[in-house]
Structure formats: structure tokens, C-alpha cells
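In this document, chain identifiers A, B, C and D correspond to the written order of the chains, with residue numbering beginning at 1 in each.
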Amino acid sequence: MSYKSHTVVNDPIYGFISIPNKLIFDIVNHPYFQRLRRIHQLGLTNYVYPGARHSRFEHALGAMHLMGLSIRSLQSKGVQITDEEAIGAQIAILLHDIGHGPFSHTLEKILIKGLHHEEISLVLINKLNKEFDGKLELASQIFQGTYKKKFLHQLVSSQLDMDRMDYLNRDSFYSGVSEGIVNYDRIINKLNVANNELVVEVKGVYSVEKFITARRLMYWQVYLHKTTLGIDQLICAILFRAKHICAKEGQIDCNPFLKFFLTSSIDKNDFMSNEDVINHFLNLDDFDIISSIKGWILHEDQTLSYLAKSFINRNLFKVELSNEAFGDSKVDDLKAKVMSQFKVDRDLLGSYFYEGIITNNAYNMDMDNIKVLFPNGEVQDIAASVDLLNISAMSKQVKKHYICYPKNISH
Amino acid sequence: MSYKSHTVVNDPIYGFISIPNKLIFDIVNHPYFQRLRRIHQLGLTNYVYPGARHSRFEHALGAMHLMGLSIRSLQSKGVQITDEEAIGAQIAILLHDIGHGPFSHTLEKILIKGLHHEEISLVLINKLNKEFDGKLELASQIFQGTYKKKFLHQLVSSQLDMDRMDYLNRDSFYSGVSEGIVNYDRIINKLNVANNELVVEVKGVYSVEKFITARRLMYWQVYLHKTTLGIDQLICAILFRAKHICAKEGQIDCNPFLKFFLTSSIDKNDFMSNEDVINHFLNLDDFDIISSIKGWILHEDQTLSYLAKSFINRNLFKVELSNEAFGDSKVDDLKAKVMSQFKVDRDLLGSYFYEGIITNNAYNMDMDNIKVLFPNGEVQDIAASVDLLNISAMSKQVKKHYICYPKNISH
Amino acid sequence: MSYKSHTVVNDPIYGFISIPNKLIFDIVNHPYFQRLRRIHQLGLTNYVYPGARHSRFEHALGAMHLMGLSIRSLQSKGVQITDEEAIGAQIAILLHDIGHGPFSHTLEKILIKGLHHEEISLVLINKLNKEFDGKLELASQIFQGTYKKKFLHQLVSSQLDMDRMDYLNRDSFYSGVSEGIVNYDRIINKLNVANNELVVEVKGVYSVEKFITARRLMYWQVYLHKTTLGIDQLICAILFRAKHICAKEGQIDCNPFLKFFLTSSIDKNDFMSNEDVINHFLNLDDFDIISSIKGWILHEDQTLSYLAKSFINRNLFKVELSNEAFGDSKVDDLKAKVMSQFKVDRDLLGSYFYEGIITNNAYNMDMDNIKVLFPNGEVQDIAASVDLLNISAMSKQVKKHYICYPKNISH
Amino acid sequence: MSYKSHTVVNDPIYGFISIPNKLIFDIVNHPYFQRLRRIHQLGLTNYVYPGARHSRFEHALGAMHLMGLSIRSLQSKGVQITDEEAIGAQIAILLHDIGHGPFSHTLEKILIKGLHHEEISLVLINKLNKEFDGKLELASQIFQGTYKKKFLHQLVSSQLDMDRMDYLNRDSFYSGVSEGIVNYDRIINKLNVANNELVVEVKGVYSVEKFITARRLMYWQVYLHKTTLGIDQLICAILFRAKHICAKEGQIDCNPFLKFFLTSSIDKNDFMSNEDVINHFLNLDDFDIISSIKGWILHEDQTLSYLAKSFINRNLFKVELSNEAFGDSKVDDLKAKVMSQFKVDRDLLGSYFYEGIITNNAYNMDMDNIKVLFPNGEVQDIAASVDLLNISAMSKQVKKHYICYPKNISH
């Protein structure tokens, strides 16, 4: 398919998404970007919300679409944004998640040590920039926040960025948790720029308040849903066990790209310096993980087989969440029961019993704050507004303890 | 049309609304209820949000529909509700707003002194009860809160009632202010009863939080929108002026039902004791008010004519809102300008310059609080939850000062 | 409110509708256009579909919005449309219904003889053109179809115009008859121009087929719904009777603007030549009709009172629809029963018994046909396509007979 | 998770779907049913409509939900359906697609010769019936159409079944092709039973007409979209080539479950008689196919590698569709170019050049027709209705020829 000025993608949320120009068309068709079709936006959240099967591909396109709307809204208010900057900002948001691997938030510590997906995104943006003869230079600067017009970076990454705006809507839409829906239209309509920073006009503050509440709700109802949490722990335990078997036996039956990461110990330096590592990473996706775990049901290691079977058949572990720490006696008792019932010693306990802490704050007062613009030109932090005391309230970090263990353990 | 067990009404929000039985079918077809078709749910909010033209008729049916869903949800959890109680609760919510007159919140002080629409609802419910041979007795008790199962009354009137659940959804839907949409499905699914009181299960707290935020937003974005506020003031000023002219001249050209209220001074006692007053009230609706005001454009009283013309042609007054009181000097200056420009004296100033205070709290900690049910059976006030500090924050009353005057006054 | 480049109106269907420039802003705020707020798009269809209470005001804005989208779509394909032409086309569609009076399709034969609402629209467009110093000249030409770029007129009025595109969507949305929803986004995206005519690209034919089917369905399910038909007949009979009483008694109690039309016999020439007639027409709206009919419940003429009461309390007549003519014996029998039961003679029968024929064809092969553009540049009538035989099928006129009489007549 | 009477699943289309009882809860949690999470409803349609990534799992639950609504609708009209029959019908529709394998419509001829997915469904239903001690007996009879109440089978499988009702809605929702949306609410509300057969009341015919048009549109716009067609052909060619390599070399690197089917020649008899074949089939899903194809990019067979790479990077073949057969000269010319450019002989041509015919009729007059019930009790075929000539028109089979070849072949 060759690019035409009205090339569009059908999106169930926004209707038609136009591809703005030939360069973006070529980026979208590049294997790096097409790969995102095979990375689910929400990992295995479809175990809880069956419709939530969308990929990072759609999210990236959606965020690009909202970027286009925001730029037109700002331009209509007299904010100077050149065509080149508009395209740069759209590419920056399109590629902001290009570095995500399979089940990213869960597996990034296991597959490649100490490497955050945003660092991978930057590596890949720069590789693409070379391939496209430097045409992504401006996009790279906007992505990194080094470009002079700071507000363009804020549209890509801040507490009111197009990333959040799209993912809240999209995750709500597909999960059916309609409370996460954000009136992006109104917020975008009320965006403006003051002192080179992105601001929201005072008429839009209630929509922003609603946006923050929506995000808070999505965290507790979806992203940190206790069942999702349990699945994430389970998939970690499986990969961890598979890696352990590889270390002992030198190999494990699975997809070749995954095998590469299980049999070697890759860290940030390897990734940065070794083209082969990058290529293996780019070949790896959710399909390999699921397909490999399914194969491990037949593995002779009883622990790996048990975990794989639990995972594939969705025979999930029990998860308990609490505002306070679980007492030692309860935890010790459960651990003893797990060890006795599964006939495993303390070394293997970590495969069957998971514990930890999750935290979230819907609005972060220590980050790049959301600023409000008043008709008289004054600019104020949104949480400072006398009407919006609940935003300060929501900026308080919420912290929860969890434990997770096979369902048939009684206590 | 005769009643059949699958008689339905098409509702753009919920799809088909079933009419549960013949009694409710007959109530819906009664002139008292049909009258609600001619009373707009949001008065003249369509001057700000053009789609918001729905009537109290649809709202009442929608609330009845949600009541049915709630009752089924509670029954599925083992809460005892008989068929008779179910019908009673549905009739109670169906008729909870039957006492509303035209532009109720605005005009109830002007047309009938000291009479609140809820008192009128009760009068009419009791009249209908007689007409239907006592079959509305239980509904009347539930409406008044005198029936032993208190939770049924709470479904009709409390901080988590079906009235709010429907009106937030409906007002959002028609105004296009999508932030007011409430996931009624999830909240209803999480309702339960403990100690004879309506409670929400802990899994539903984030949805309730969202519901309270939605209500807060709808207040500031729609119900107390400053343009709406200005229109309400204008319509009051018009009726007040018309009443003044009647007092002076003995009559005024307008619809006969409206004329009745303008030419006599009716108070609560008259209404309660005089069938004729009730009948005139039941004949009066939004159409008479608008049609009469339009006629007054041609009235010889210049003030009445000016106000009517401003209103009909939507040449609205300027409204200023402020967290603090407006200084005397500003107010005095504006008043002087108004008097000079319109060549009116202090007596007539009230027709051209309006001032006052509006207040709102999204959640009221002094009312019948929303209670949360924990899996261990414990019940707690929602605002007391450590995770939900923002609900306490939202329970703080917000108070705003306003002034309102013709747009062409410069200051 | 003064115009700013980002002035928007909140629309529940399209989200924000931008007002493109100051001229259009001023037209929207003109009393002629504001009047449309008081003319319901679908008359009394809310008696059948309670949500269908939207006005011609929203429809006109919506159609203007779609015109803007269509123009941008065509421009992106290289069709030459100047800024001036774009504004002209938007004004033309904005004002295409400006000549509608109250319950137009029903009452236009009764209030003003022989005058079609489109002729009134043209009179008003030309009056506005004068008032705006000739700035609506191009809009007027596009409206009339005299402008050289014929496709602009086709966007205003043809079998694929923005009028239909908006009203199908809007009427579906508010009535809750979701089958009428049209994927305007896809159709607009597939519009193009060939030989100065509007065409749809072949990729869009299934959407157009769906659009025609949707229109067909809306006709039978909503616009010609038998209950709606009965209401229209009833309101005609009421006004006809009121006019008869005026003729006999010289006057009737009602709103002054309506009285003007009831007491005089106005025809097309009067309207065209007499400013006073136009002004009275512009002052008349749905609110006057409803309010006046309500007053007539108390009228001493028993026929008028009976009809008014039936109408206001929605005690509707029985309607029978049939593909074949009703036999004389059945009709005569019913008429005899009506006369006997209501104690009226043949002169008055027309107030209680209505009969007639309705017809509809979803696609008209004799009008300006919808043309399809193939990739090779060929253009073909859509109904000629071998894949779309059902469009020819739908172009066949469907004709139904109806009779309508009080419900308590038994036969 | 143990079953409670209000266990629900969140569905973005219908809101909450209740699981009606413990038996259905256990079936849903059975590995056979959970497997459907890994079978996409529309194969690789997400290459064209990115949102269309839903699985057969959601579809089966959705169809069960609609079955519940239909049963309640029929019961409200006095149709006798016992609780046991209601559960039986819900299980029958829940399991109607349980026999689907990966990319079913495309691959079922390649993996297992001569076995249709419906036959597999029946095998699996009967296996489950044994496992659940005969509790699925009635469901099995309803599924097969052997149960006395024929209309229950028609709700599972006919031209107006819950399968179509859900998949049209669901495929529309996720693809964003909103024209496929069906007003299931209205159709279900108008269902009835006459002479033991499912019928639609005459008031519902326009909705049924719309449903058939929607289905027709979805076929041409989505299911038989030419790009989807090309992808299906490509995936077939890949598997076919892999099977060829296996035949020659005895094996191929890939997922073990897929390898089983590639290295052996399995037919219907093997499947019916060999438990091991069934188990391998139940272990195979879309994830294995995609993951394996990705691995084959590195395969030494140039054809396999080329096809795999085209597929994974979405470098799709060109597809031409035509109402008439492509002329021999054009086809021969293209074939010659393909052979020359790819340096392959006639044996390998089938890997690079695909041709064939697709057909569709939106309504089939030779099948179990949709019957219309008139108020007088008469029943008629919907296509016989004088108003619905377009249904006959749509029942005509549409037939299209296609050819498909690498994009860089010029002609």
C-alpha cells in the first residue's frame, strides 16, 4: 500500500485515525512498530477483563491521534507550532512505547537486568533515526525533553500527556470498566501554553479532576486489580523457574528467541553494545511467552509444570490485599502449609508463595505539576486551588501489602 | 393501548424499559404523570447545552428502571423483598418528582410561597392513592420513609439513590458532558443491605467515589454553570416583574393558568386546602411560561419587554462568579451604571442587577451517609476509609458569590 | 459572548462543534436562528419515543459540522474549495431549515396555504443576506443550486446530503432507535467529486447501502410510525376545528401569534408581500401551539375540548395501517359508530375519523442519483451496481393506507 | 473462586454478564473453554482493523448472555421453557464454537483433513457431558437439533440465532466498523414461537431487515475484506510449505503441538478414534502458530522464510477482486513474472500466487427461513413480504474472483 494523503486506520474509539504524512506512514509500517501488534497493552489483564486484549500498536496510534488534536487546539489559540514540530511531536508519542517487550512491567527485570523500557525506546528511536536519514532528530529531542519548546515534551510525557489520555480511554473501552473514560475532547480543548509550559485553562479544571479520579480508579480497579497482581507474580515465578532450570541444565525447550534470554544473563551494557541482543529482543513477544509456557506443562520439573498448568488453565492463586502488613504468624503459617502440601523446601517456596507491596498515587505533587491558567494570565498548581482539595487528597500515596499462594491452601 | 406483560418504552440510555405491571402502566398513563412530559428536567440548560431538553417524564421512568435492577440485585444476594414491596418501591421512585412545576427550582418561591416540590409530590401521591383505591399506600410509606424496611426509602432518597443515579447519567447523556456518566451497573451490582440499611460492598467503593466526583463535576459544569445561573435569575426577574404589573393593573396578558398564579397570592395553605389551586397548578407547565414570556416582548412596560426580549432571543446577561465576595465599590459602581444606562431608579434595579451566593457539597457528611460493607460484615462510613480521603475533601462545602447584569454595561 | 477562534458548542453526538468564524457566530446568535430552539425536529414523536425532544437548532448545527468534515475530506483529495466557498456551504446547510414553523410537516397546509418551508427558508436567507450586507450571497446561491460548483449544493441537498446524514444520526440518538445510526465518518471519508458532481468512492458503497437501509427503517419505525401518524392527524384536526370556530365567532382564546394565523386566511402571496405576516410567523413556535391547545380543554365547543383533552393527556386515537385499501363496509361501519357514539353529524365526522395514504421510497431513482466512482475513473449510478440489487428493490415506492379513530369505538 | 449467585463477567458490550448457575460456572472454568481465550474470533483481521483482537471466549459468553435475554423474552409471552431447558440452551450456545482451532476457517483443511469445526464441537460437548455426569445431555440434544422444542435449537443455530446476533455486534464493536451493530434488544424483544418454531413479530421486521443488511455489510467490509483474504491465503501457504518441508525432512523447528500436526497426516477418523490427537488439538492455539511462523523467518528454505517474513512484518501481498473471472492472459502474465522474479518453477508457484472464488449471500432462501408472525396468528417467510423486496434481492448469491501475489510484481 502506498501512502495517500487520506490514509486512515479504523479505530473503535476515535473512528478514523489519519496518518499525517509519508514519513509517519513508513514508521508505522516498519517491523519495529508492527512488532507492537504482538505486545498486549495490559499483559494478561484479559484474565480478569476478557475484552482487554488490545495491543501497544493501537495505543501508540491513538496517542498520536490525540497529539494531532492537541496541536490543532493549541494552534487555534495562537501558540506557535511549525509543521515540522507537529510531525516531530506526533512521531515522539508514536514511538514512546516502542521499547516495550512482552509483559514489560512484569518481565523487564527478569529478561534484561536493570534496563527500563524507556531506555530501550530511546535506543530504538535513534536506530530508526539513522535508518530514516536523520528525519527523526526532532522527534528524538522532543521525546528526551531537550527541545526548546518544553510543552511539546509535556504533551508526550507529563501528568497530562497524550499517553495517559489515550490509555485511560482505551483501557476503559476494552475492559468495559467505563469509569476510566476521559473526556479528552474537553481537556484538549482547554489546553494552552504559558511560559513555554503546558497549562489547562480554568474552565477545564473539573475535567482534569475527573481525569485524575479516573486514573486513580483504573489503578485500583484494573492495573493493580488483585487478580492481575497474582497473574503477574505467577508469570514471574514461571520465568524465574525456567531460568533456574536453564542455569542447571544448560537449556530448556521453548521458542528460540526466549531461549536466548533464558540461557544467557543479559544486562543493560550487553543490550547497549550488542546488536545481536537487540535483534533477539525485537523478535520476542507475548506469543512466544504464552506458547512456551504452554509447552512447559509437559516439562518434567514438577514445579515448572505445576505453575505452567495453573497459568494456562487459569487456575489462579489466591491473592490477599491489606492496608496493613500481614502479621508474621499468618505468613509463617501459610508458608509452612505450602511447603508441607507441595512437599517443597524453603528454596522452592518462592515459586509458590509471593509477597510484596504495591503503591500508587493518582497525582504526584513532586513531579511536573499540572498548571492552571486563569483568565487574568495567572498560573497556579492545580492542587493549590481552593475548590480542588480532593486533588491534594489524591496525591497522598496509597500503599497496600499483598500475599499470594495456591488456592487450595487452607488457613 | 392495553397493558401486556412485555410493554416497553424505548429509552436512549437503557434501551428498553419494561413497565412491570398494569398498575404502573395506569399510573404512567395518568394525566398527572403525562404532565411531566411538559416539564424539562433541567429548565433552560439547553441554552448552554443544546441537547439537554429531556423532561422529568423520562427521568422518572429511568429511575424506576434502575430501581427494578437494584431490587433484583439485592434479591440475588438473599435480601428479602416481596413482590408487593418491589412494586411499591418502583412506584415511589416513579412519583418522587410528580410535584415539580415549571422551572421548579427557580420558580417555586415565586408561584407558591413556602411550598417545596416534595410536599406537592406527597399531596399528589396521596390523591392518586385514593383514585387507585389505596393501591399506592405502600409506595406512599416508602416515599415518606415510614415503612419498616428503611433501605427501600434509601433507594428512593439518599446520597446513593436511584434518583441521582438516573439524573447524573441522563443529564450527562443529553448535555454531552460525558464526565457525568455513572457506571450504575457496577454500583447496583455492589449494593447490599446491612442492619436494614442500604450499603455498598467494599469492591464498589471506587465506583462510588467516581459517582460522587461525577456529581460534583455536574454541579459546577452544568447545574450551577454560570450561564444557567444567569438564565434562572432572568426568568425570576421576568415573573417577578409580571407579578408586580398584575398587582398594579389587576391583570396581564398571558396563558390563563399562569395568570391565575400571577394575579393571586398563593401560599402553602391555599394549595393544601383548595382543589382549584391544585388543578391550576397541574395545568401549568414550561410551555405556558415560554409562550407567555414571548408575548410580553410586545408589552408596554419597558422593563418587562426588555427582559422578555433578552430571554427569548438569548441575549443573556453577563455573570461573574468569585470565591470571594465582590467588593462594595465594584458592586455600587455597576449598579450606578445600570441605573444610568437604563434610566431606572433603585426600585427597578432588581430587574437588571442580580446578586447572591451559591453553595454545593458533593458529599454531605451530616446527612444519611453512604456506608461500606466489608467481607467480614463490618460496616463503615465511606468517608472514613483511609483510601478515600478525597471524599472527605469533597464533603467540604464550596461557596461562590455571583453578580449578574446586562452585557453592554462596561466597567 | 464575543467570538473567539475556538468557540465551541457541546453536542452529545459529535462532541464539540466549532463555530468556524465570526459571521457564522453572528448568524447562530440571530433571533431567526435562536427561534429554532423552540421548534422540535420531530414534532410530537416524543409521545412515542420519549427522548426524541431535540430541536431544529441542534440539527442545523450538526449538519454544519458534517459539512465542515466533508469539505476537509474533499480538500484532502485535491478537490478545489476556497475558504469562501467552505463558509458559504456551511451557512447554506446551517440555514436550510430556517423556514420551518411549528409542527411544520403537519401544519404548513393549515397556517399558510400553499407555502412550503423551503420557500420560507429562501425568503429568510435573503433577508439575513441584506442584514449582513450581502455576506450570505454565496450561501444563497449554493442553497438554490445556482452556484457553478454543483457538488456544493449536493452536499446541502441531495440523496447523500449532510441534512440526511445528521438527521438520521440525531433522530436515532435521541429516539433510541439505534438502527438509524449512520457511519457518517466512513461515508464522508469516501466522498469525492467527479465531473463537478458529488460521488462516493466504490470502497464506500456498502456504507451507503447501509445509510439507505437506515433511512428506510427510520421512516417506518419513527417518521411514519402509526402512533406518530395518529398524533399528526389529531393536531391537524384540532387546529382545523379552532380555525372553524374563529371563522364562526371571529376569535378564539389563545396565544396572540397563533390567533393571527387562525383568524386570517394567509396564503403564499400574503407571506411574500407582507412584513407583518413574516414577523408573526417568526414569533410562532411549538410552545404556543401546545400551550394554546391546553387552554382549549376548557373551551365550550365540545369537539375542540374533546380533541384537546385527548391530545394533552395522550389519550390517543387508534390507528390502523394496511398495505391494501380498507374496504368501504368497514370504513362506513366505523364512521357510523363514531357518529352515533359522539352524537355528531357527517359535518363533524372529520374531527373524529381520519383516513389517508402514506408513501415512502428509501431511494429515489428519478431524483439526483447517488453516483459511485471506480478506481479507473468511471462513474456509475449506485442502483446499477450488480452487487447492490437491493438498492433498486428499496427504490420501489411503498404505499400504506391508514384510518384513525377514537380508541373506545368497537368494531 | 467459588460460584455465587451474582458472579459476573465484565463485558464491554453488554456490561455485566451473569453466570447463571454453578454448572455453567464450572464449564466456563474448564480448560476446554479457557482455551478459547487463545483463539481469536477473527483470526488476523486485526491486520486490517487493529482493534479486532477479541477471542472466541468473549463471543461464547456474549452469545450465552443473549440466549438468557431471549429466553426471558419468550417466557414473558407465555412460551413454556423450563429452568432445565433454559440452562440447556445456554450451555448449547456457550459450547457451539468449542471445537474451533487456531485460524479455523483458514487452517481446518490443512491441519485435519475433512473435519469441520462443528463436528469437533460435538465431540467435545459429549466428552464434557461424560465429565459432568450427564448434566449436558439436554444441551447436546439442543445443539444437535434433536430435542423436541425445535425453537431452542433455532436460537443456537439458524438465520436469526444468538451466534450471529453476538458476533455481528462484537465484531463491529472491536473492529470499529459501526455499521455492523445490531439492535439485539429490539429483535429479542420481538421474538416469539409459533408451531414450535422461532418467529419474529411483524413489528420487528425492519430490525431484522437491518440485521441482514448489517451481516451483508460485515461480510464485504470485514470477513471477506480483500486484505484479510490475502492474509488467510498467506498463512495457508506458509503452513502448506512447512508441511511440505516436514514431509521431506521429517521435522521442522516449531512448537511441539503444531509439529504433531505438521509431521503426521491426520484425518477425521484419527481424530474421532485417537485421544492423543484430540489432546494435541486442544493444546494448539493461535499463539503457537504465530510464534512458530516467527521462528521460520530464520529457516533455510527461502520460500518459507520469505513467506514468514512477509507475514510477520505485515508486508502483505497485493489482492485483486473482480466480479468477473480474470482473463487467462493476465493471470499467465502475472505467474510468469512471479516465477521469473522469485526464480521459482511451476511447483513452487502456489506459494507465491493464489487464486480462487469467494461467495456470500446475506440471506439464504434455501435454508431454515426467518418467519414473521402477524397479529392474526399467520406466519410468513420474511422474504415473501411485499414491503421487503430487498431481502429477496440480498438472498442472491454474490460471487467474486480473486488473485493474490507479491506487491512488488508489476504488471
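To be clear about the criterion, a residue touches a chain if its C-beta (ideal position, glycine included) is under 8 Å from a C-beta of that chain, and two chains touch if they have at least 3 such contacts.
Being a predicted model, the structure only gives us computed values, none of them experimental.
Looking at chain C and chain D, the chains that touch each of them are A, B.
Sharing over half of its contact pairs with A-C by residue number, the repeated interface among C-D, A-B or B-D is B-D. For chain pairs A-D and B-D, the one joined by more C-beta pairs in contact is A-D.
Averaged C-alpha coordinates put the centre of chain A at 43 Å from the centre of chain B.
Chain A and chain D have Cα centroids separated by 32 Å. Averaging Cα coordinates per chain places chain B and chain D 50 Å apart.
Counting partner chains per residue, chain B shows two or more touched chains at residues 15, 177, 186.
On chain B, the positions that touch chain C within their shared complex are 1, 9-13, 15, 29, 31, 34, 37-38, 46-47, 49-51, 53-55, 57-58, 61, 173-177, 253, 255-257, 283, 285-288, 290-292, 294-295, 297-298, 312-314. Those residues of chain C that touch chain D in the shared complex are 177-179, 181, 183, 186, 206-207, 209-210, 213-214, 216-217, 220-221, 323, 386-387, 389-394, 396, 398. On the chain C side of its complex with chain A, the touching residues are 5-6, 8, 15-16, 73, 76-77, 185-186, 189.
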